[in-house]
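Pasting the structures here.
In the two complexes below, subunit A is the common chain; its partner is subunit B in one and subunit C in the other.
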Partner chain A sequence: MSVARRWDPCIYHRGVHAAGFIREYLSHDDRRVMLVAGGGFDPRSTHICELMTEVAAGRLQGLFLREERPGPHPELLRRAEANCALLRSWLPNAMIRHIQVLATDNAAVGGRNAVSLVNGISLQGFTDIFVDVSALSLGVAFPLIRHLLETVKRGGNGTPRNLHVVVMDEPPTDHAIRSITGDLPAPIHGFRGGWGLHDKSRAATLWMPQLSRGRQAILRQIYQVIRNAQPDTVVCPILPFPAARPRLSDELIEEYAVELQESWQVDARDLVYADEKSPVDLYRSILRIDDARRRVFSEVGGSQIVLSPVGSKALSLGALMAALEQNFTVMYVEAIGYDVDFDRLDARISGPAGEFVHLWLHGEAYGTPHDSEGAGT
Partner chain B sequence: MNQDFILGRLSEIMGWDTDRSRQEFDWLRLMSRMKYDGYQDFLAGMRFIESLADWIQQFSPAEREAAYGLIRGSLVYISTSEMNHLVELFYPETVQWRLQNAVAARLGIPPYRVWAAEEPSKLYRKLLRQTLFVELSDGARIDVFRRANAGTISNEQVVTAPRINREKWDDLLDDLRAEDKSARFSSIFLIDDFIASGTTLLRKEGDKWKGKLARFWKEVQEVLPTHFESGWTLNVHHYIGTHRAQRVVQERQKAALTEHGEGSWFNSVEFSFGIVLPEGTPIDAGSHPDFVALTNRYYDDTIETKHMKLGGHDARLGFGSCALPLILEHNTPNNSVALLWAETLGGEDKHAMRPLFRRRQRHV
Partner chain C sequence: MENPFLKRASEYLRDDEAFLAVVSPEPVTFFLRGRGQAGTLYDRLLFMQGTPGSGKTTLARLFEYPTLTALLRNRSSSGYQSLAGALVECGGIVDDRPAVIGCRLTMETDYRDFWEFPYNETLKIGLLTTFVQARAVLAWFRHLASEGVSASRIRIVPRSDAETAVDAIGGPDAEGVLARAREVEAAAYEIVGALIAPREEDLSPAVTGAYRPFDVIDRIEVVPQNDATSPLSLLPLVILDDANVLHPSQFRALQHWLARRELRIARWMIARFDILLPQEALNAVTEDRAEADFPGLTAGRDIEIVLLQSSGPRREQRTAFRRMAKDMAGRYLQKHSLLGPRRLIVLSDLLSDQEESISPSALREYGEMVNAAQRRLRVTDSRREEFEKEVDSFRSGGRAVPPDVRLAMLMVLLHRYDRRRKKVATLFETDPEPSRPIAANSDVHEAAKLHLLHRYNRPFYFGIDDLCDSSSENAELFLQLSAVLVETVATQVIRSKGPQLSAGTQSRLLRQRAEWIINKWSFPYFQEVRQLVTWIGKRCVEVTQEPNGWLTPNSYGISQEEFENLAKNYPDLARVLQFAVAYNAILLVPNYKQGSKIWCLLELGGMVNLAHGLSLRRGGFLEGEAEALAALLEERPS
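The block that comes next holds the complex of A and B.
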């Protein structure tokens, strides 16, 4: 028997359905929209804003966050300026704000700073908030979404009722942007879950890293931290299946051979598959595993799930939803900079655009402003 | 059998040096453990690596690299976990979406409003109960489907036989009417595991349309006026489909409707797939010249049974010349390249084909 979920059913769209939804939904004159997005070098900074401007011009306000990290490459700055100029040409009154992602000791503070910044901005009069995570780092996007979800759920006069998350899912772009990471894996601000709490000290820990190309070093760092805290941590890696390339999960198994066989000692039956295109599928899979583990470990210290969504942006939203629902720990290493393959990035710009994903997290679609988003079936 | 021992023999068979052996052993150990050893037809002591050693030896030493290269670089193997995941995805990603849109169309509201109020949610639940799920073969994994949707889909909505007699139709309707005395069925989902050429589902032989869809059309006629709402919808879902099948089934449905005319064939059929194998999946002389040469050289046409000939008169690249390098954990499709699955006795100048993934034949 399945357990009632907060986002089951979930209103979400992909590709032409997502663009179709935006065009229909925002065509209504009573929609007044705040778009919160990244305003950086990432070419995905502008796509969704451009689409929304076409439909909701005059009813759309933009808040664009420029993530600041020490010593950026001049080309990254040039591209960020160009993207911001484009965004301003569509939304002349847009707010462009700078956020320091790292403290002087390299501690990740971007999420906290983003929340603080948004908290100081009036959302009165808007019906809908759209957070576009395409060009935001997870360390900034996740805390921001949690804060905005709590804001819209709390409600109040003139507060927006609806919270949406959108992303331009482009794995090739993700692969062209390599994070230069510090050496401090830590829970994302607001996603500590039970990490470090005394009553979780005996909990059976399950780590669910999302495997993707070129992220071994980051995942190794994170595993080390988790294992130091919980030596008996079990690892259930998440692989993309179904995927546009049916051999992708095999290729990842090969790429992570050492980790799977030696470091993490993963049993073949512990591989978790999640539809490359569906964040909601990953959300369901994580919660199904959590349900089972809660029962098993209820009398012997409890269960603790730690997520590390370092792969595609679309799938990371599934991890976000699961973490929001069950207060899971999201362990992450903030980028202290980016090593960008500009040729690959530009090749992607001239190629076909990625797929647009829309998730409706809270509001009218669920008929309730309260905790239970879904109507259930 | 000790794995190191058989790896050593394989290295000799392949003529690998020490470095190459180390590299390949890592991959073979990993993939056999994570996926390939799960193939249901492997015997104890004769799992993937042993079967590979046996299979490779049917080729001359100079040809073995081409054979191994196909397995190493192009094989698409769908494991039990992957297949089960495709089954689990079917209801939330396909059925729910279809019914949500059906509710929206009936009530004249946008689909995103369906969960916002009681009336559309109630209609959704009603339409879901008026839906039947029918397996087209035992590959439909109805047991997994039932377990994944326990509490959402009733057992009385799930039909585990591709042919439904009148008595069964009446039982299904009685079960439905136990909850609503005037209810009729509003939609059907026909479910199967795999489609490659589309021949088994729908084909034209001479001037007749044949296949599972044609058979279902005949069988459902008797109960259409009494058991079904007007405007009921037919959906056909395959967990795995090829790019070719995705196109072909649409074309054939359209052609069958044109020939039969409205009222004498399904007005519309919605096709869906859990995963579509991309256009570049089949092998050919351009992508795999050396392996395609092997398929010509090591071919025994005794595999061309009456059933195989439905797909054409040459099965070296598999049924319907689909040329797939595809293995499903429970059985290898006959649309896969014959060298992967065929087993023959040979003789009379014909090569005795040895399978890597032995296929259990459904049709003899």
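The block that comes next holds the complex of A and C.
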């Protein structure tokens, strides 16, 4: 029996379709758009703004968040300033706000600060909010999207009706930026999902980490926290398949061999494959698993799914959608800094651009259940 | 073939029996027995501190109710008897029944967030303590339920002076107490999980009201199912694990709140060994706000401090760790599928402590170098003979030193003599007396062996004591180092060779393993930490190799005063050091007196010592300044 899902069908575009959609959609004069995006060193900070400025000049407002962490490399600051100057040149009235991602004791507070900041900004008069997560960390982006989703759902006079999420999917840029992660795994603000509650103490816990290169240390830390709380936790890793490189999932299995076999004791049947290019595929896969588990464990304490989307940003949006729909716990470790391979990053800037991914999370397209139509590509 | 040494004790959490089988009673005995017998284990706040892998959580877990009952279920089994005995000695078990009902609350999530709310400090701390209390009550009930004890068989015994406050915690029935705790937890969780903090006036009365079970509860009694046994009276124990995750102000306030003498429940706090914190945090932990917030409270009297690692009586601690490590190794070896059944379960028997000398040709070469040094330094033959006699009379472990060490010691003495004799030779004095007597002692012996290590790669790290000492008194590191040795022992057994590893094999494997561990570091700022310890390590090696062996350092000393201002003057360095200390790359030895100056030693961790070939003995340090370390960090690690 199929269960009705919030984003099935989902309005989702990728690549030229995404750019085409944004151009066409924003060309209507009645669209008044608020763009919320990162305003940091990441070269992807400016892509979506540039595109939107071309088609919605005069109807576009920008809110750019500069994530601040202690002791940044001077080159990162220089690049962030340059990106902000570029954004200002397109949107002279744009708001550029600084967000402290870490408290003085290294606790992750970026998500809470971002939500608090955005909550204090009037969204009156805008029809659409676009959140560009390309240059935002998950700890900031996820709470922000949840907050804005609740805001648009609540509605009210003059508040925006539509919420979109966009990301520039550019794996080589991801590879050039290495996070220096902290050592305090915790649920993302707003994504606790009942983690730690007494009522969930008997729940069968399933952890679904999204595997990607060079993230073993983070995932080991997260697993330790989960296992300390729920010793019987079962692990179902998410692997990207189909993927641009067909052997990628095999390579990840090899890279994570010790974790999969010894620490997490993953059964070969418990691997979850999700299309590398489709967040919606991952969203559906997670919810299918959740449906099955709910039925099985309903009489013995229930089921609890914990997600750790530490891989590509585009795929992590699938985890976000699933977590929003079923209130899953999203556990991660905040970056306390970045170690950037500038040569590699610059090589990407001069090379071919990545692909836009667009998700329409809420609004006119989903007006009533029967008139929602999929336009996925 | 699974190597049990590759697993942490806490990885056996899934199964109480499996967990208990690998836990050594030694840390319980060393750290807790005396305090249990003195009565300070349960009547005041116990604050336990150590680095990751030092065994904090393992120790805490032993006192959780399900673990205690599992231990009692298996007490007739020989493997568990010593552990049960240790718990009896510290009052966890009395008359073959559990005496405490421990619950461990990890502070990793939720609790820290209260500090971010826009409320006044009193309310924020109030919310935190309310949440902690509700969760502790729920955990006690949960633990009893897991042992088949329903709420109807539980009786909450209030303090004699708090009987009127029972209603506020949902009493007098246990069901009511449980329901109230659930209500409070749910209300607090809603606040902590809210995207936007609710307004103060909108907070649920469930969390702002007078909910103070810790002030009310004296004992928890379990009514037996039949009349054959007497009720089980349990002392509630709450263990707040990973309390270092809290904001320093929260941590301090919670510590003071739990240190109140009138509380009847037992309470422990466990935290990582974080000494260095950024400025604001440092202020919070260094200011003594006890008098201001809680009049009449002093940390020394009201808080029992247990340091699991490298502080206090360091020699005693090292000895205790050796005992614990050997016991732990035995338990792990018993679980080894190949070595256990063959009764190869004493690790020290598997590690030869017979020295291995350098090759005869190297010995000849070195002898010629000593002769050349004698000629170059113009030391007379009679003086050399005197030194040779001195070396020959030296005993290490009751034995004379082997020829290569003898030569190396002689080399050291020749150079020491050169440094100590009068620099201006006279016409009539060809063999001047040194300013201070020159003796062949253990320092010379150590320096000589290190010289041979660096020059000829002569095995330096071998035997069970070296293995223990190079683990920085950290159980996890000990297991990681042992794992590679045990694996090699198993390989030898499979190949029908003798199981014992030679000194050369041990030294080589340990140094390789240490390098591997350092290369695998992945904690925050590990590259900077690696850069820092490599720099200190190289400088220590340079000094170690000096021919007169005047010092065999493995530490870098900065003045205590400079250290105390580190977070203010060099915040980047402080941040890096914070993680270096937290992950055993560096051990701090504060307030170290040398001459008229007080130092804070940054002692290199065991892995760094092994990788660089440094002494495992303590106390040798290079005098330095924080500025030099800070300048080093400005050159970004590659």
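Here is the rule we use: the second predicted complex is superposed on the first by the 367 of 377 C-alpha atoms of A that agree within 3 Å, B and C clash if a C-alpha of one lies under 4 Å from a C-alpha of the other, contacts with A are read in each partner's own complex, and residues count from 1 in each chain.
Going forward, contacts are C-beta pairs under 8 Å (C-beta built on N, C-alpha and C of every residue); 3 or more make two chains touch, one makes a residue touch a chain.
Nothing here was measured: the structure is a model prediction, and the numbers come from that model.
Asker: In the superposed model on subunit A, is it clash or fit for subunit B and subunit C?
Answerer: fit
Asker: Between subunit B and subunit C, whom does A:Leu324 touch in the aligned arrangement: first, second, both, or neither?
Answerer: neither
Asker: What is the contact status of A:Leu271 with respect to subunit B (first) and subunit C (second): first, second, both, or neither?
Answerer: A:Leu271 sits against subunit B, while subunit C stays out of touch.
Asker: Using C-alpha centres in the superposed arrangement, which angle lies between subunit B and subunit C as seen from subunit A, in steps of 10 degrees?
Answerer: Reported to the nearest 10, the angle reads 110 degrees.
Asker: Give one of first, second, both or neither to describe whether A:Gly71 is in contact with subunit B, with subunit C, with both, or with none.
Answerer: Only subunit C; A:Gly71 stays clear of subunit B.
Asker: Report for A:Arg247: first if it touches subunit B alone, second if subunit C alone, otherwise both or neither.
Answerer: first
Asker: Output check: A:Leu260 vs subunit B and subunit C. Expected answer is one of first, second, both, neither. What do you get?
Answerer: first
Asker: Quick check for you: in the superposed arrangement, does A:Ala186 touch first (subunit B), second (subunit C), both or neither?
Answerer: Second partner only, subunit C.
Asker: Considering the aligned complexes, could you tell me the closest Cα pair distance between subunit B and subunit C in angstrom?
Answerer: Closest C-alpha pair between subunit B and subunit C: 10 Å.
Asker: Provide the residue numbers of subunit A that touch subunit B in the complex, in ascending order.
Answerer: Spelled out, the residues of subunit A in touch with subunit B are 1-2, 8-9, 11, 21, 24-25, 241-247, 249-250, 253-254, 257, 260-261, 268-269, 271, 273, 275, 278, 280-281, 284, 360, 364-367, 374-377.
Asker: Sort out for me which residues of subunit B touch subunit A in the complex.
Answerer: 26-27, 29-31, 33-35, 38, 74, 76-79, 81-82, 85-86, 89, 92-93, 96, 100, 110, 112-113, 115-117, 121, 124-125, 128, 150-152, 274-275, 277-278, 281
Asker: Using the touch rule from the top, collect the residues of subunit A that touch subunit C in their complex.
Answerer: 70-71, 73, 103-107, 109, 112, 115-116, 119, 143, 146-147, 150, 180-187, 189-190, 192, 194-199, 201, 216-217, 224-225, 227-229, 231-232, 262-263, 336, 339
Asker: Write out the stretch or stretches of subunit C touching subunit A in their complex.
Answerer: 6-7, 10-11, 13-14, 57, 106, 108-110, 112-113, 115-116, 135, 138, 142, 181-182, 185-186, 189, 192-193, 195-196, 245, 247-248, 277-281, 522-525, 527, 571-572, 575, 579, 582, 636
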